[in-house]
Structure formats: structure tokens, C-alpha cells
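My structure is below; once you've seen it, I'll send some questions.
For reference, chains read A, B, C, D and E in written order, and residue numbers begin at 1 within each chain.
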């Protein structure tokens, strides 16, 4: 029973990780950039989710606005920040990204205050009882289902379709990809939009689960996300999903049974290091 | 079909090619020759849209395409098999071909792929390998095959025989003739001067970015001064 | 006397693909051996397993009677091997000359401690210049390799390999990308180097030059050794001819447009 | 002008508390200046942001001592930065009054250090007494993994042993955790009578609401970290019935508390929380000391502070030989979306450590 | 500030010279700091603790270096980031290391304030000179090559793993040295002083200074460590400006300050010509 609950909770956490990490994966896969500022879009999503819901009462509208806004901000980040840096060594973009993340965090703090926002009447908080007495918040169930669905679609797109092949070609040799009719700008815009919208989406969910959005809420996902894309083998959608869920579950059990020895971050990263020592190419990479 | 008018191109302040005028007739093979660093590859990449045009213009089918982005040029029918192959290394052979066929309707893919495999049977055996793992020669075949997948009207091939074994070189040249017979226009860059002179109708010789000779292949063959000084024949 | 290099029953598999299948041959002191064969035959893979970049699945490689199978690449190089790669990989941040000098400094770079103790590279630069001159690209010595055309880089690879002062030099298609005159010159240089006592294994598709300078050939096809011996005899071997040279009949047959017809509309 | 140094986290993770603290300190200075300042001189608060980070706090303290030459200083910051700054003030012989940082080492740094808050251990012990008073036996302890949380846990366990409470399980979580799914499941399976959970409002809010959402009904005891209206806002209905041990009794009849609550509301438009009250207190105490010395700092101010008793919004304070205060601990309970007085804990259990001991 | 410079130079050795990105370098600062602090408390004179701090940090650095041999590039970056988190996670739970409370009341060095500053400055300059020397030596050349293309270095007969380990050993030992100074300077250390943020900060210093350039990194570290203090006057917007500058620097001068300065000198010369 407890075992099941811990797995279930791990999966909820893992779903959130997956949504955030997915955007990172798309960006990493496309540009080989560790896009730390991605987490700022997650925060943005959270804030917009709370504010729109509080203002209009409609959660669905909040989702739409949060996703679109995060998506567009992501595209803007790409155009203004990363595009000019593509020719530079990767850590240039990494540091720029960190700078951007810090700046965003501060903007949230200055604009919305340091102590964060909450829903006035948080929706989707009802308890749902599943088989075997497993209890969930409605929001928890929906986040799991939503993640699974979105990722299935993306994985299909990435590996089974011409669009996916086109994206992968862009990664491998952007210039040549152009010579085969691929519009670079368009491929990258789309990837950034989708990845960033997913981060925004995740932000709204986390706001729902915790009923709290804070300027600093992106900091954990910013580095856990990096760990996940590495575990997932860098660049594959399916790998990212699996890695995120596995990490969620590992943390879930780890905090309970190893919490005395190591803190949550250390558990997650100890797991990562062990995995990388055994499989330097990541847990779910193609060989 | 393709017309270069006083084309200059290069990298930043550096001029790799200056004042090149060249006109390709439909259905012909033109050889672009010259020593290392003469600017042959730069010319091809400029036509494909990857090297900055610094002066002059490029016309294709009578339209000025000088300012078109690369992805538009390929849609008009210009394909390239670039120097260094530039394959999509993390993609399989088949997916490389698929990318080549992106501008064509999906329904053409199977047929075109089989055509390329017919040309290079070795590729057929390696369809699921990653392109990066192919041997040097296999990579060359794939680069040409990928360009053919776009169903081009003009195909530009840089260093066709580089790394190919004699048998495959024969095969490629035979294929070129066939493509030409089917009406394709071909712009060929080669170090293997003898071979080019044997298939091409027109020849243009570059040296340090300047045109030093232009004319019929047959005349080039008989111009001993030319073959000695610029084409490294002996 | 022991052969300098002995390849004994070597098999290399990549996943399901057998790139080299039970190949044995020997290279004798002072020899210039040509390793030829169709594209994808496994020639490059052979050289890589000799240098240890690729691990052999079965069989063993011996250098001067010593089994070197278990040694990592750098140890093998330190024992007197040297490789010029098919796909050029110069260091782009430093000049052409520095590329060669870096290799020439092997005696310092063997251990980090020694490397830390030495600063000057004048001697190595002199060696470097000589070698560049030898392969005919001394004019480019002070430029960065990044923008150089392939022909220059190929020769840089050769010069860099030579700078290691090897007993056994492995050359993977050094002539590719050169025109016939340049190829001829470089091939002659290679033959010279060989005459001065460096044993060489040469992979090349430029058969004219191969026939001119090689003393013996080994032919691979599809991972197997299909022939070896005197160049002329090997070239007349019908098996080799059909696998590699492909008389006109063969190529014409292949080039026939397939049933599907031409590729263009 | 008389300069009072003030280090406070205005940016970084602790910025929310920093804001509150700053308002408290400003109010104290404004009130003093309105009454004519000290010995005819106006008071000036020299404010530096320390991001609650020891690394930032050291240069800040150095600057306050060496450049600004402050007569005394107040910490409106967390334990980490306060501890790092303490050494510098001690060396510079600048009396340093600490508002709400609870780390024991601070006052051990030297005799120029003063603390107006109850130490973590003391509060922890108070928590155990509360559990005992409530008649509960089986406790689950959930600890925030930082110096604050661990000091509380240590005190609680010390008290628990005395009162014969049974600690069924102990958990730790990190400062950045907001999702407690696994922990909550496990606590649920432990089925404790009561839960002692340390944290700040931003961790406690989600924690309490997630415990309740999972159907855990045992009462929860929190501490001063919960003491912010934001806690109630975040936890919403789940906050109802949560106990917390803190230093501020909002329902107190004491005129000092009443007037402070009203003035603060007037000045800022929001209700004061523990941090605001604590920092107001620390600042006022320092100012009162200055009044006694006629604006002189250093040794004179140190002695004046050590000898004085102070009437403050968080009670009547006097420092012991270690310059810690002994005061009652207030138990508040959340009722109808507001903190209300529940009880007051006092007695020898709450004695802070002293040099004698 | 000198400590930051020393610390940044130590990372530059690993990342700038040898191309091995580390996102967990603060852990080695921490190892040095903890060792020195604990030994000082145990009565060992401060100066004697410094070499020990270097030794321990260097040894653990080699162990991490061994791990780095398994993974490359971004994988390595994330692995080292993990090492950083692991270090903090372990320290947090060790009571003998002070756990969450950290180690405080670190005994005085016995040096005067001035003396300590001079010592730090001297060590910092010595480190910079060492870096410059390494850069010029054959080791520097090999590091360069390894940074660019380790496979080719192998083919040139170079024992790449040993060089990487050497880089890690020297770099982490120097970080340990910086750690010892850090502990003495603050007189108090806790797990949070050596976390991810610190690792990132030092990497920013290296990159903003101009990765690989010794003077650039020294200047970058000096400036970035002093920035927050200079910005006190803009109070609330301090970090915003800091983050923004980091971004703008990379956006408009990706080579860091070293490149910026070179460019400005170039422009000045050009202007005169």
C-alpha cells in the first residue's frame, strides 16, 4: 500500500519533471545548449496560471494563456539570446542562460513580490479514490494523464514522421538541412514554442498542486531538468519521459528511506552519477 | 539554365572567388577545375546559398536567385553533394535519404530510394546504419544519393571520386551520363581531371579565385599548357 | 626475424555487422605495403584496430613480436606506430606548424610531469617546418588549419604522423583530394620516406600510385582478405578485378537505370 | 546623525522575510525620530542587502563597521548570514542585536552580541510541551533541513524525552521542496497523534495543505517560521487548526503589542508578522540602549543593553549573561483564516543557555 | 576578492585549459575549507592546514577526475554538478562536520588582518603565475589539444586520461587552497556556502573573464565578486542587474572581458591609424 503510494507520488513528481525536462530536451537536441532559463518559463506559467484564474475564474483560460505566453517568451529567448550565440562554444550560451534566469527570477520578485502568489480558490483539489484505496488529488491524476498524452504525441512526431526527421537533420548539420528544403528558423521556432509552452503548462500544474508560485520556484527544475535530459540520453523524447518518471520514483523512495543519509538533491544526483558510471551515454540512449 | 554573372563570393572580408562568369546549358556536364584552394567548393556553396555572395548575380531558369535562402534554391531544383559529404551523422542511411526527399511528396520516397539503391547497392545493405559509421566511400555514395532524392534539375557534386574505389568511380560516371541523358544538368568539381575531361562538355578552370580558362572540354584536353600548369596532368 | 607487424586472425564486429572477418597478414621491416579493397571493405577499420581505436573482437595484433592487443591507443603510438587519418582532424585553434610541432614533442608529452617541466618548442618547430616542406605545404605553416582546403589538410595529417618519428607509419588515403600531379609528388615522398627506413602501410584508391610505389598488396573485400602478394599478380587476379576494378562490362551493367526509371520527373 | 547598521535579505530566497524585517526596523527608527531622536540627533538606518548568504554578509558587516562607523547594528536576517556577520561586529566592538536568527553560536561569538528572540532549542522544547499539554503521545517529526529546522528538532526531542512523548518517525526535507507526496504518504501510514513540522511559510503552506489533502487529520504544530499571513493564504482551509509556537501574540493586551500592531498596519497597510515584530523589537531595544548612553556606542552601549529591561511588542525582555532573553513562548492557532491566541507556555523549560551552564 | 580570483583560476585550469567543464567546483572549495577549519579547531596552525587542504582536495579531485574519464562534454558537466550536490548532501548530514550548523568560531590564523590579506594576495599571484607557466609549457599545449579533440590526441600518442587527471588534480588542489583561505576569511562555513550557486558563480567568473585567459579570468573574478557590493546602491535591482550583465556580456562579447579588452585596444589602435 505504502509502496504503491510512494510509486504513485513519484510518478506525479516525475510527470512535472518530464514536462519541464522535455523543453530542455528539445532545445538541447536542437542546439546543444543547456537552457537553464527554461525554468523561468515554468515560473512564468505558474504566475500567469494563478493570476488569470484569480482574475477570470477560468482555469482553462489560464492554461491557454500560460502556455501561449510561455511559448512566445521561449521563442523570443531563442531569437534574442541563443540565435546569435550558436557559433560560440556551448558554455557561452550556458552562462548567458544563467544570467537570463537570474534576471527573470528577479523580475518576478520585483513585479509580483517576494512572497509569491496563491489561488484564491484553488481548483481541482477534490480527492479521488482509486482502486486499492489510493488517494489522489484530482490535479495529481490529471497531471499524470496529461503528461502521458502529450509525450506520446511528441515521441510519435519525433521518431515516426518527416517533421521529426527534419528536426533531427537540423541538429546534425543545420546548414545542410537548409539545403534540403528545411527552414531552420521555422524548425527552431516551433521547437522552442512547444518546449516552452510545455514548461508553462507544468508551471500551472505545480501552482495547482502547491497553491503557491514564487519567484524561485524554477530553481529546482532548472538543474533537475538537466540531470533528467542526461539520464534520458540527451535529445530523445521517450528517454526524457522515462528518465523523469524514474527519477521521480527514485526520489520518492529515496527521501523516505535514505533521507537520513542524503538530502533529496543528493539522492537524485547520486543516482545520476551511478547510472552514468555504468552507462556513460545515459539510461535510455540509443547505443 | 544556370548563369553566374561576375560572381564574387567569400568569407567576411576574404574573397575566395572573384568575377566568375559561367553559363550552364541544360542537360550538359560542366567541370569546374583547379588546384587546392582555387575556390571551387566556395563557388558551389555560394550557388547553394551558403557562402556570401559579394558581387554579381546568380540566375537560374532566367530568374535571379541571388537573394533566395538555401531552402528555396533546392526547391527550384538545385541540389548539392558538398565537400566533406556533410551527412546527417546521427541519422540512419535511410533517414538521410528521407531528408533528401523532404521537398518531394512522401509518396515518391520509396521509389526514389530504390532508385538510389539501384545506383549504389552498397547503400541498400546499410540502410539502418548510422551515416556517421559508414566507410569513407559509402558516405560519398550516400551524399550523392541524398542529393538525387530531391529530384534536382541541376546537381552539383563536389569531389565526386574522393575516396571512391575505381569500380564505384566508373559506376558514378556511368550514372552521370545516364542522368545527363535523362536531361539533368550537372556541375562537377573534381581533382581527377582526366575523368572530368572525358565526360564534360564544358570546362572552367579556376586559380586563386580567378577564372584562368573557360571553354569546351575537348579544347582543354588539347591545351597542353593548360593541363600542365593548372590541371596537374602529366 | 619477426615481422614488424603481425595481424593474426583479426575479426571486428560492430553490433551485428562483421567489418573484418578473420584477417591475417604480416608487415615486414622496411616494407611499403598497400592495403586496398572496395569501399566499406574494412580497411580503415583494420588500421583502427591496429592503433587500438577499435577493439578487436577476436584475434590479435603483434608489434615486433609483442602482443599489443591490450594496450590503449597512446601506448601503441608510443611504441612506434603512427596514423594519418582518412577524415582529417587538425587542431583548428593552433597553426599548421604548431599542429606538427605538437606531435614532434612526443618525448615531452609522454608524461604530464615532463610536459610541465619543458617550455621551449623551437626544436620541434624546426622539425615541423622540415616535415611541412617535405609534404609540400610549408607555405601554409603559419596559417590556421580551419579554413584550409582538404588537399592541404591531408598533407598536414601526413606530416603530423611523420612527426611522431614512427617505426611503422599507417596512412589512410593520403592522396585523396590531391590532383594527379600533387598525388604523384606526395606518393614519391612516401616512397622516399619508406626508403629511409620507415615501414609503411598505405590505404589508397589511387591505383596508379599504389602500383607505382607499393612493394606488396593485401586486398580486403567485405571484411575478408581475398588476395595478397606482388602488386601486378594481385591486380591480375580475377577475384580482385571483379570486386574492385570492375571492368567496363560490370559498371555499365550497374549503371543501367533501374526499372523504376529516372529519378527526375 | 547616529547611524544604525542593518543587514537584511532583500533579494534571494529570503527576500519575503527581508521585506517584513525592513518594515519593522524602519518603523522603529521612524518612531524614535518622531520623538526627537537620541540625544538630539536623528537616527539613520544604514541598510545593506546580505541575501541571507554568509558570503555577502561579511563584506556588508565590514562596511558597516569600517566605512559607515555605525554605533550599533541590527540583524534582520537569517542565521547563516547573521552568524558570519557576528564575528566582524564583535571584532569592531559594535553591539549587534539579532532579531530572529536562532542559531546558538551567534551569542557565543562574544559579548557584543544580543538576541531578542527565543533560540531554536527553546522553541523546540516549547513545542514538545505543547504536544504534551494537548495530551498527545505519538509524534511524527518533520524537519526542515537547515540550521533553523535542526535546532528546533533538537529542542523538541530534548523536551519529548522529558514528557515521555513517543517519536514514531522523523523526516527531513530541503528548503526548496514544495512537493511532499512521498513524505505525506509515509506520515499517513505512521498514523501519528500529532505532527511537529518545522518550516517557513513557503514550505509549511504546501506541506500542511498536502498533509490534509491526503487525509491526515492529526493536529500539526508549527513554529515562528509559519508566522505569516501568507501561510494561511497558501494552505487555505487546510491551515485551520494548525498550532504554532512563536514570539508574537497578536491578541495580547499589552499596550506595546497593541500599538505596534496598529502602527505597523498604518505604516505599511499589512498586518505585522513575527519577523516584522521581532525586527522592530530588536531595533527598538538598540535605540533604547542608545537613549541610555546618550548616543554613545561601543562598551557603554553594550553595558546599557546588558543591564536594561525592555518593554516590547513581543513581551518584556532582559538579557542573561549570554545575552539571550528569557521569555514566554506564545502558542497561536489558526482559526477562521487568522492567527489567534491559543495558550502561553512558560516555565523553567524555556530558560535559554547561559554562560554559567 | 583574491580568494575568488584564486578559485576562478583553479577552475580555469580544468575548464579553460583542458576543456573539462565542471559545474561542481565549489565542492572542492568546500573540501579545502572544511579540512582547514576542522584542523584549525583541532589546534593545528592555519598555515600548516593549507597544504593539507590542497592535498585532500586534490586527491578527491583525482577521484572525480577518474569519473570524468567515463563521460564527456555535457555529460561531464552534469556529472560534476552531481558531485557538487552530493558533497553538500553529505556534509549536511555529518554531525562531525557541523551538519546544517556548519563550523563556526574558526580560530584565528595568528596573522594580522593585513598579514592575511598579503598572504592571500601572494598566493593568488603565485597561482596566476603558475597558470601562465603551465599555459606556456608543453602541458599547456597538450591541454589545449585535449580540449579540442581528445581522440586525435590519443592518435598522437598522448595519454589523455593522465593529462585530464593532472588537470583535475592541480585545479582541485588549488580550489582546496582557496577553500582554506575562505574558511579563515569568513571564520564560519556551512554546507550552503559550497552549493550549486557557488559553482555556477565561479564558472561565470571564468567565462565572463574569458575562458582560458589567465588575466581575463583574474579580472573577471575580481569584478564579479565585487559587483554585488558596488551595486548596493541600486538595492532591490542588484541581482537583476547582475543577471542582466551576465547575459549581455555573453550576448555581445562571448569571448568575455579578455576579448572585450582586446577588441577595444584594437579599436583604439584602429582609430589612431
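Following the convention adopted for this analysis, a residue touches a chain if its C-beta (ideal position, glycine included) is under 8 Å from a C-beta of that chain, and two chains touch if they have at least 3 such contacts.
If you want to know which protein each chain is, UniProt gives these names: A, E = Branched-chain amino acid ABC transporter permease; B, C = ABC transporter ATP-binding protein.
All values derive from a computational prediction rather than experimental measurement.
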Shortest path length from subunit C to subunit D (each step joins two touching chains): 2
Intersection of contact partners for subunit A and subunit E: D
Identity of the chain that, by mean CA position, is farthest from subunit E: B
Contact-richer chain pair [B-C vs D-E]: B-C
Reference subunit A; chain at largest CA-centroid distance: C
Intercentroid distance (Cα basis), subunit D paired with subunit A, Å: 36
Approximate Å spacing (C-alpha centroids) for the pair subunit C, subunit E: 42
Residues of subunit E engaged with two or more neighbouring chains: 92, 236, 239
Touching two or more other chains - residues of subunit A: 106, 260, 263, 265
Chain pairs in mutual contact under the definition given at the outset: A-B, A-D, A-E, B-C, C-E, D-E
For the subunit D and subunit A complex, residues of the former touching the latter: 11, 13, 15-16, 18-19, 145, 170-174, 176-179, 181-186, 188-189, 201-202, 205-206, 209-210, 213-215, 228, 230, 233-236
Residue numbers on subunit C that touch subunit E, as the complex places them: 51, 53, 72-75, 77-78, 82-83, 85, 89, 91-94, 98, 102-103, 105-106, 108-112, 114-119, 121, 160, 164
For the subunit A and subunit D complex, residues of the former touching the latter: 1-2, 5-6, 8-10, 12-13, 16, 106, 109, 113-116, 118, 122, 125, 127, 135, 137, 140, 206, 209-212, 214-217, 219-220, 251-253, 255-256, 259-260, 263-265
Subunit D - residues contacting subunit E, complex: 10-12, 47-49, 51, 53-56, 58-60, 63, 80, 83-84, 87, 103-105, 108-109, 145-147, 149-151
Contact footprint of subunit A on subunit E as seen in their complex: 15, 21, 67, 70-75, 77-79, 81-83, 85-86, 88-90, 92-93, 196, 200, 203-204, 207-208, 211, 236-237, 239-240, 242-251, 254
